[in-house]
């Protein structure tokens, strides 16, 4: 039997005494695209933080490929193939676009601490260029990452993830702040992420993108999972309707 | 037993001094976000102003003059150096570093690098018997002053409008502005207040140590920093608790251990506190 | 017009967030400021308020506003209720309100009339209030003083449906006394409250007109706001 | 390659008998001038080493003086009290400082930002206390610890050999430049920049920010100790100033004055600062009031620079260049 790329098992998390996530159980299979929706403040980002290791859950386990990673530090999870983006785009502003990706490539290949290697290493540069082409940023390699437009930063973030060749991706609102005309192109990049059996868990408010890309949609409300099903089933569910879409006023 | 009493009261005396320095430092950091290296300068200016008045005129006005001098220095530094660098927090801290270097050198050029003996009220040389221990009266002067200041500060923060603004500003400065309050006026206020407290600490410290030198403020400042970090940045009560812990620990270990061990143990305490609770013991709430 | 924004541009951390935004806010009723996440709605409010540097021009009640310090604008009657409410968690409810008072004659009657709960909880520290109660407190803070315009950022964010209705009702009553520029994601709330809407996209104003005209046209709504949610409801 | 020109000039300098009246008291190759220049070079190296932490990795450490003092006093104590041969003592002192940096860094780097500044400040304070208390007569207390001339190889002793000390200082500077610039060019340089920009993001990429920071901290500590050793050889002994917070603050001033995080900024800042410090001390007596205090002049200069010249000397140069270009 193959293990899910990611399994969240009965996870709870409290911020101080305030419960933010309550016993959430969720799996993402290999090659599966799961979208996580819910009103602002429902605990989606907190759940991401628990899964990526920035927060330690007060109860429950996080498993990757069947192995318990609940107590691993973020960078160790990353090395096991977990990649994530942040809601506010987090690229390295003072490095160029190509250098950003090169950093991610060398991080993935473990060559970061070797001062005798040059940072202009050809293999790294080539790998970085390949990834940049993949997300359509090939032309912008020399530009400072801090000066990119919002949508380009989003693409760069995805490129940083791909450089590490992860097996499981967490995307936190990849479409946020991306102008309407750029959404389709970015959505295509995101759609391609499940290639090769990679699992994807995405928080996104852009419902069209969610319905278009996701195999399953999980709904989080006040820290609890209301359900996880195919897009059509979720959109039709009455509880979900009330929680997420709001009652008629 | 009498040794313990003496050590406790001496430790509390030291704690009082630390509290006077650290509370202002803590409020400035909490509200304005400035790690103020020039705070030791406020103290030294207050100490020398008090010393000047006491040696050239009379002992009585030394404390108010020291307080006023410290306050004026604090206000001046805020208005002239800190305010123009608003929105550039790193530069603000760097500027205070420069001020602390330049200020000490300035004092040195006026009064020389060597310590000057500090006059003190005659009664502080006496001792009072407490539970069998003969405790020098200057301890009580310091402790009394610190308790008074603590009560006054807490009342100020709790009951006055400016206290309210400072407490709110420590939580969220931008929101205070968005309520129509000029938060920069509050910055000037905390710098003035911190300067006043440091000035008081300068005069009282001069009387306690019996001397004053240009570098005295900077030396005390490091322990005040430790108190602020242990007490939680921006918290006056936390400051008081931490000052007592640091003062007592330092005094007891210095007495029972080798010379200097007390200072080292304080650093160890800081390391332990930071590792266990990186935010300090009292979190972020003022008062 | 109580507020005229003309050619407002903001660059933050190297990215051009607003690229020449222009719109007017009429002196009565609620104007909604809409657009997808991250399009610069909050940035627009903060730039108008002088919290972040901007170029262009902003005219508030006939006086140029850009370059003036935030607290001066607020004293001139520009009330601001930020996203995430920003109540002072360590202060009590009463202290939060006291801090906001600027006028000789604060209007506690209106405030407690709209939000009676705040009176009962006046000695409770604001950090222990529920999200909805904190939102009420944030709204109450701007109502204590005479205002000429309110900037309100996502007042229903993260609130339960029942609470959203209550907040919407409060906003509706507030709008009888003072005009508002309202940033809101919940289109049902927008539809109920706002007469006009300004839609931002890609750092510019993409549409400006009556709310009905925008929300009554599903294609246009989807196009401008990309919202499946309320529109898609079967 | 352009960087080689100053190096060649610096190496050739002791053969020059050029006399620059206002800047130096004697001709360039006079022992007095060479010693002054040697100290400038040491501080250039120390400032650049500190900038590896401060400007490049974004770690605000207030405890750098501790490691300089460990090098300086380590050598002094081993040579004076335990009669070790000089070079063995140097090796041990630098290694000891690196180990101390490892142990202290392991604790201090668990926190970030202001807390890191505070905890390093406190650790360094322990060094200051120990040096001044003079435990067992080892450090000489306030008097400092003069290096016994018997222990030092002949070619480094005496006024006639000042030129060798100058070259030693230059060699130290070259070592620091080679290491710091090597790191800048290596993949590690990219990681450090990334760390300064966004630490959380580095962790998500699969790198341990803690280990990278610790490695940088240890390296900077070892370079500081080496600088301390050279300083002791150059000036003939260790003084408590080497363990003081003032020294760390001065290093910050040097880095910022020169332009923190730039290629040559900190180095330049260190040299200029050290030069001004020494010259002002020298001519200080003739200047009125506070102007006779080098720290007053430098401190004031620094405050003005912070307020009006963001980016330091390096930034100034860049802006002048772009201004003349346009």
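All chains are identified by letter, namely A, B, C and D, in their written order; residue positions are counted from 1 within each chain.
One rule holds for everything that comes next: a residue touches a chain if its C-beta (ideal position, glycine included) is under 8 Å from a C-beta of that chain, and two chains touch if they have at least 3 such contacts.
Just so we're clear, the structure is a prediction, and the values are computed from it rather than from any experiment.
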| request: Would you mind checking the shortest number of contact hops between chain B and chain D? | output: 1
| query | In terms of CA centroid distance, which chain is the most far removed from chain A? | reply | B
| Pair sharing more residue contacts (C-beta pairs) when A-C is set against B-C | A-C
| said: Just the number, please: Cα centre separation of chain A and chain C in whole Å. | reply: 31
| message | Could you work out how far the Cα centre of chain A sits from that of chain D, in whole Å? | response | 44
| remark: Whole-angstrom distance, CA centroid of chain A to CA centroid of chain B, is 48
| field | Residues of chain A touching at least two other chains | value | 93
| query | Line, ring, star, complete or other: which one describes how these chains touch? | reply | ring
| Where do chains touch, given as pairs? | A-C, A-D, B-C, B-D
| chain D - residues contacting chain B, complex | 107-108, 110-111, 114-115, 117-119, 121-123, 125-126, 129-130, 133, 135, 245-246, 249-250, 252-253, 256, 289-290, 292-303, 306-307, 310
| query | So in the complex, which bits of chain C are touching chain A? | reply | 13-17, 36-39, 131, 154, 157-161, 164-165, 168, 185-186, 188-189, 191-192, 201-203, 222-224, 226-230, 232-234
| message | Which residues of chain B touch chain C once you look at their complex with the stated criterion? | response | 161, 164-165, 167-168, 170-172, 174-183, 284-286
| remark: So, in the complex, the side of chain B touching chain D is made of residues 29, 35, 37, 81, 84-85, 88, 91, 94-95, 97-106, 108-110, 218, 222, 225-226, 229, 233, 258-260, 263-264, 266-267, 270-271, 274-275, 278
| Can you list the residues on chain A that touch chain C in the complex? | 39-42, 93, 144, 146-150, 153, 173, 175-181, 183, 205-208, 210-211, 222, 235-236, 241-249
